[in-house]
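There are two complexes below, and they share chain A, which is joined by chain B in the first and by chain C in the second.
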Partner chain A sequence: MSKQNSRSIAASLATAACSLLGTSTISPVQAQEEPDWDFNTALLYYGESDNRVQDFSLNVLARRIYVDDRILSLGLTVDALTGATPSGALPFDGPQTFTRPSGKATYTTAPNEIPLDDSFLDTRVALTAGWQQPLARLYSINAGVSASKEYDYVHLGANAGLARDFNKRNTTLSLGVAYSQDSLNPEGGAPVPLSAMLDVGDLSNRMGDQDKDVVDLVLGLTQVVSRDLLFQFNYSLSQSSGYLTDPFKFLSLVDPVTGDPVSHTPAPGERGPSHENRFESRPDERTKHSVYGQAKYYMSGKVLDLSYRYMTDDWEIDSHTLEARYRWPFGDRSYLEPHVRWYTQTAADFYRISLVDGAPPLEFASADYRLGEFDAITLGMKYGWTTRSDNEMSVRLEYYMQDGSAPSDQIIGNQVGRELYPDLDAIIAQFSYRF
Partner chain B sequence: MLNSRAGKSALIAFLLAVMASGCSSMGVEPWERDVLAKEEMQLTTDPVEAGIDDHIYFSKEASSGGRGFGGGGCGCN
Partner chain C sequence: MTRAGESRNPQLRRAAGYYQGLFRAMGSPCELLVDTKNEKLAQKLLRLVAAEAWRVEDKFSRYLPGNIIAKINESDGQAVTVDDETANLLDFSATLYELSERRFDITSGVLRKVWIFDGSDRVPTAESIRQIMDSIGWHRVSWQRPRIRLQPGMQIDLGGIGKEYAVDRAAARISPVTSCPCLINFGGDLVASGDVRQPDGWQVGIESPDSEGSAKKLIALRTGALATSGDARRFLLKDGIRYGHILNPQTGWPIEHAPDSVTVAADTCTQAGMLTTLAMLNGANAEAFLEQQNVQFWCLRQKSESSRSRL
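This part shows the complex of A and B:
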């Protein structure tokens, strides 16, 4: 068997193992002679403009393919994260001082700048292990575990799936379930939702570590239509419960007439925030429904990959994602692959750009830009080639841009004309090597 | 008719039946899988890259999953 052929089988099998249990792929039916390791590695740089988040990441996925299409897969990801991230507070025409999330120090934002929390420095290590094998003639099963650790966050997860082929293996139905238990341990403790940002050293509004659980269910249908066309349809249900609030995000408390942040004077001899801020508060339940469709079409050597996802949830967020890739081979051993992705979402029903002083208290409020209304576009290009020793390499460069806006009915007084929504520009650069 | 629950159920059953019969008439014979077996025709050609993208967009947008599990897994900022 040629190395190229064995690669195809490995790719198809690993797709089922690693692209998650609900998405079994149509794999070619061929025998494997002997176990073989396949390493898929990538170095990634993700960098946001304006000194926001930077991530250097090493990714390794090792797969051992045994006879009878049994596959063991082991994954490792190490992320080194630095940079600043929008805190949720509004910009204003004077400097603003904030207490750091740890409660141990302060930082100051210049006038008219969107407040960024620059105390973000973390290393994340994530491990995955998965097993997949055929069961009887037409079934396959898979199971996996995952774990990740950051300075203040621990994730543990498990998943399992079952797939059955029909119709000469042209149709595959699959079912996957996953359970994830995450633990948040922010330094100083997670703040009480909607409590005030306090002076340095005052941790009386902290409530210690928090947990959240996520249960996912994915139902999938894969259909071969013809020699060169196949489809995938998925329905996903995701149920999160527990502490879904971001312990580092907060909202400015603003004057109902001027829209400027209300001043705060730290206690005598203490350092603390210059203005009033309130920690955000999210519901402790979230249910998401998604439908996903993907088509792959082969056109005399070129491959078009189209996908669409619709998501809706009980936080009133609806989103649409359209994605296209076009793989364009040239020569025997290389290809170019342009990529475009378009995304749009509506705001969560509790998304607020600020809290208004004196207004009736709200149960939930968040100024996290990721819960606001925005559009995003990704444009990218990948160049891949096969080396003389039949290993595969690729480089890709992508540009990701978010463009959002604050809800006009929430803009008050002097806020008019200010840049209230933190738009995002990021570069994704990746080098991959498979051997 | 569509206002009644029975009517909706009948319509759904009809659509499922059409889809099922449609699916059974689609497809290829086992010896016609040469193109489908190509690496570039797999639904996920590069699982590592797919994982990277899922992680980026999970961290920066309010949606996740669809292709696979949405899951948790990081306290992403």
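This part shows the complex of A and C:
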């Protein structure tokens, strides 16, 4: 076929095919090669008020979808954390000096300020790999591994799951198990639980590396009720064992009458804490049960997504989470999605705002605000759009407000009126791009 | 384009989100996918599609006795008057013969008598090919619609058009009945008919030539057709030379350096199928030919692959 003629072959062929088939109402072909890989990338900023924790997080999830619904997924997350976090010590009307977690230096908190540990700076790199594939006609299986590394923390995990479809594929039952092993190696060593904060250079209360294991079990049921309505229910059991204490958190030792921190005098010629503090201590087992229900309702393009979770554990923390999202499409390619989440939890049975000098010794105690009683509300809005080349982008902005309270029966003397529970506001901003 | 004794019993089953109908026709597995929850409708469409496939097969298969092709092939030099549909196919074949500069030739089927691509080393002798060449050539056929006259010993074979034609015909049969999204697939030649399947059309895999069943490329077909030509399992190997199954009617020998597989997207399956065949007949220049046609295509070769999409 010579070059001059070949250009017109497709056109001549179209005419000939048209008269062969005798049809005129043929829609032009629209075919597109599916990319071998599908990338989901997100850049997330999380910023707490008052110069507390800030996290920049980059997330890349690459998926390769093979025919027969076999899926390989690979994920990478890099977090850069900076800022300060409440140490657990109580504020009071004088300055307080603390030894840094490394045991190498001190820092001082101004009067009436919540003591924050500002040596919080870390980079975390996490990798995940997963495989999913159908097995026989109604089953599918998945398996994955994960690993992450921070300066003083290494996580390794593995998971596997099995799902089976029933009822003309309108019902799916799934079972998943996950195991993870984390090891913690804080600079200077993890402190002995409930031991005193020591002077600079004194590492006599430090222990070696610490480990914890977590086993998770999830049972799931997904039910397609109609073309417009989908339900999902999960039960999950999580069992942690090992070193569950936070080596950077401690409690103030307070006077039983005034409620002020008991002062401490460093050894002659040494720098050290101005007041007595005790490192926290948590049980080395934790069993959590949670149930989760979700309903998704599709209304001609709009999607209402409601969910509820109840969690209870043997640390006596009970929590409720209610969440709602509403996807509201407009135009051909955009949508807005308001989001509201309400959360409440009771305090762990060993949550204490402080330890009282002279009181009988406790086995477990923590002043970590995350183990206290609090409510939290998240309000957010997401705007998403599809580009002309069918890539999806979205921006999300959320505001998080956490409001907790100290148990009234633990408040002593001068503590009345002080900010005993560090409330928290945070902004979450995310940009994501899928191509 | 048929194998005797194929069961004519379509099977319908519910798959994830659609109905899948399966049957065999023209020596190939055939499939109808219907994006509906209405089983009765799916059943009805499957009956229509299968009936159309078998009608085209019965009427135009060169393997079946008593049909119009048999009548022409057994005419022994006598003119045969054909019906409109047959005449349309012969007109179309004549056009392709011209467009391909005589490389697409429905009289070349007799070469299959000497070329049997079974993976062996039984390459026919030059002499046996030369003898057969005397009964090949559309220019030796007298075709004046509606009368065709072959020279004694010549045969025609519409197998190179039939499957793609049947796909388009089947689509035309169901379009007055429903607008719900359907995919008609006869042995890898397929057309998406009805409304566009949401959200991204039908996912079609192109098989890699060296591995059966595992697709190398996934194509989302929203409207229109895809056809694939090529079968890496059909070849002869002798003295280190590989003889592919695409034959050049002008020489009687295989086209050299043809791709292992060519897939083309076009408005109709007939157009797509003819473009794949013409590309194959271009051998090493298959990709260059398709690029000039400004069509979307995917060529697979053992060691490399090339594709180009219209922007």
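One rule holds in what follows: the second predicted complex is superposed on the first by the 400 of 435 C-alpha atoms of A that agree within 3 Å, B and C clash if a C-alpha of one lies under 4 Å from a C-alpha of the other, contacts with A are read in each partner's own complex, and residues count from 1 in each chain.
Quick note on the criterion: a residue touches a chain if its C-beta (ideal position, glycine included) is under 8 Å from a C-beta of that chain, and two chains touch if they have at least 3 such contacts.
None of these values were measured; they are calculated from a predicted model.
Chemist: Counting only touches as set out at the top, which of chain B and chain C does A:169 meet: first, second, both, neither?
Modeler: After superposition on chain A, A:169 lies in contact with both partners, chain B and chain C.
Chemist: Return first, second, both or neither, reflecting whether A:152 touches chain B, chain C, both chains, or no partner chain.
Modeler: In the superposed model, A:152 contacts chain B only, not chain C.
Chemist: Which partner does A:194 reach: the first (chain B), the second (chain C), both, or neither?
Modeler: In the superposition, A:194 contacts neither chain B nor chain C.
Chemist: One more residue to check, A:230. First (chain B), second (chain C), both or neither?
Modeler: first
Chemist: According to the contact criterion defined above, which of chain B and chain C contacts more residues of chain A?
Modeler: Of chain B and chain C, B contacts more residues of chain A.
Chemist: If you stack the two complexes on chain A, which partner ends up touching A:288: first (chain B), second (chain C), both, or neither?
Modeler: First partner only, chain B.
Chemist: When the two structures are overlaid on chain A, which partner does A:66 contact: first (chain B), second (chain C), both, or neither?
Modeler: After superposition on chain A, A:66 lies in contact with chain C alone.
Chemist: Scan A:214 for contacts with chain B and chain C and give back first, second, both or neither.
Modeler: The answer is first: A:214 touches chain B but not chain C.
Chemist: Kindly list the residues of chain A that each of chain B and chain C touches, one partner per complex.
Modeler: 7, 9, 12, 14, 19-23, 25-26, 28-29, 168-169, 227
Chemist: Mind listing the chain A positions that touch chain C in their complex?
Modeler: 1-3, 5-7, 9-10, 12-14, 16-17, 19-23, 25-34, 36, 65-67, 168-169, 227
Chemist: Under the definition above, what is the set of chain B residues touching chain A in their complex?
Modeler: Residues of chain B touching chain A: 23-24, 26-30, 32-52, 55-57, 60-75, 77.
Chemist: Name, in rising order, each residue of chain C that touches chain A in their complex.
Modeler: It is residues 14, 16, 37, 88-89, 91-92, 95-96, 99-101, 103, 165, 168-169, 172, 175, 196, 200-201, 203, 205, 214-215, 217-226, 265-268, 270-272, 274-275, 278, 282, 289, 292-296, 298, 307, 309 of chain C that touch chain A.
Chemist: Which part of chain A faces chain B closely enough to touch in the complex?
Modeler: Checking each residue of chain A against chain B gives 7-9, 11-12, 14-15, 18-23, 25-26, 28-29, 40-42, 44, 46, 53, 57, 59-61, 75, 77, 81, 85, 120, 124, 126, 146, 148, 150, 152-153, 155, 157, 159, 166-171, 176, 178, 180-182, 184, 212, 214, 216, 218, 222-228, 230, 232, 234, 236, 238, 240, 246, 248, 288, 290-292, 294, 296, 298, 303, 305, 307, 309, 311, 313, 315, 317, 319, 321, 327, 335, 343, 345, 348, 370-371, 376, 394, 396, 400, 402, 424, 426, 428, 430, 432.
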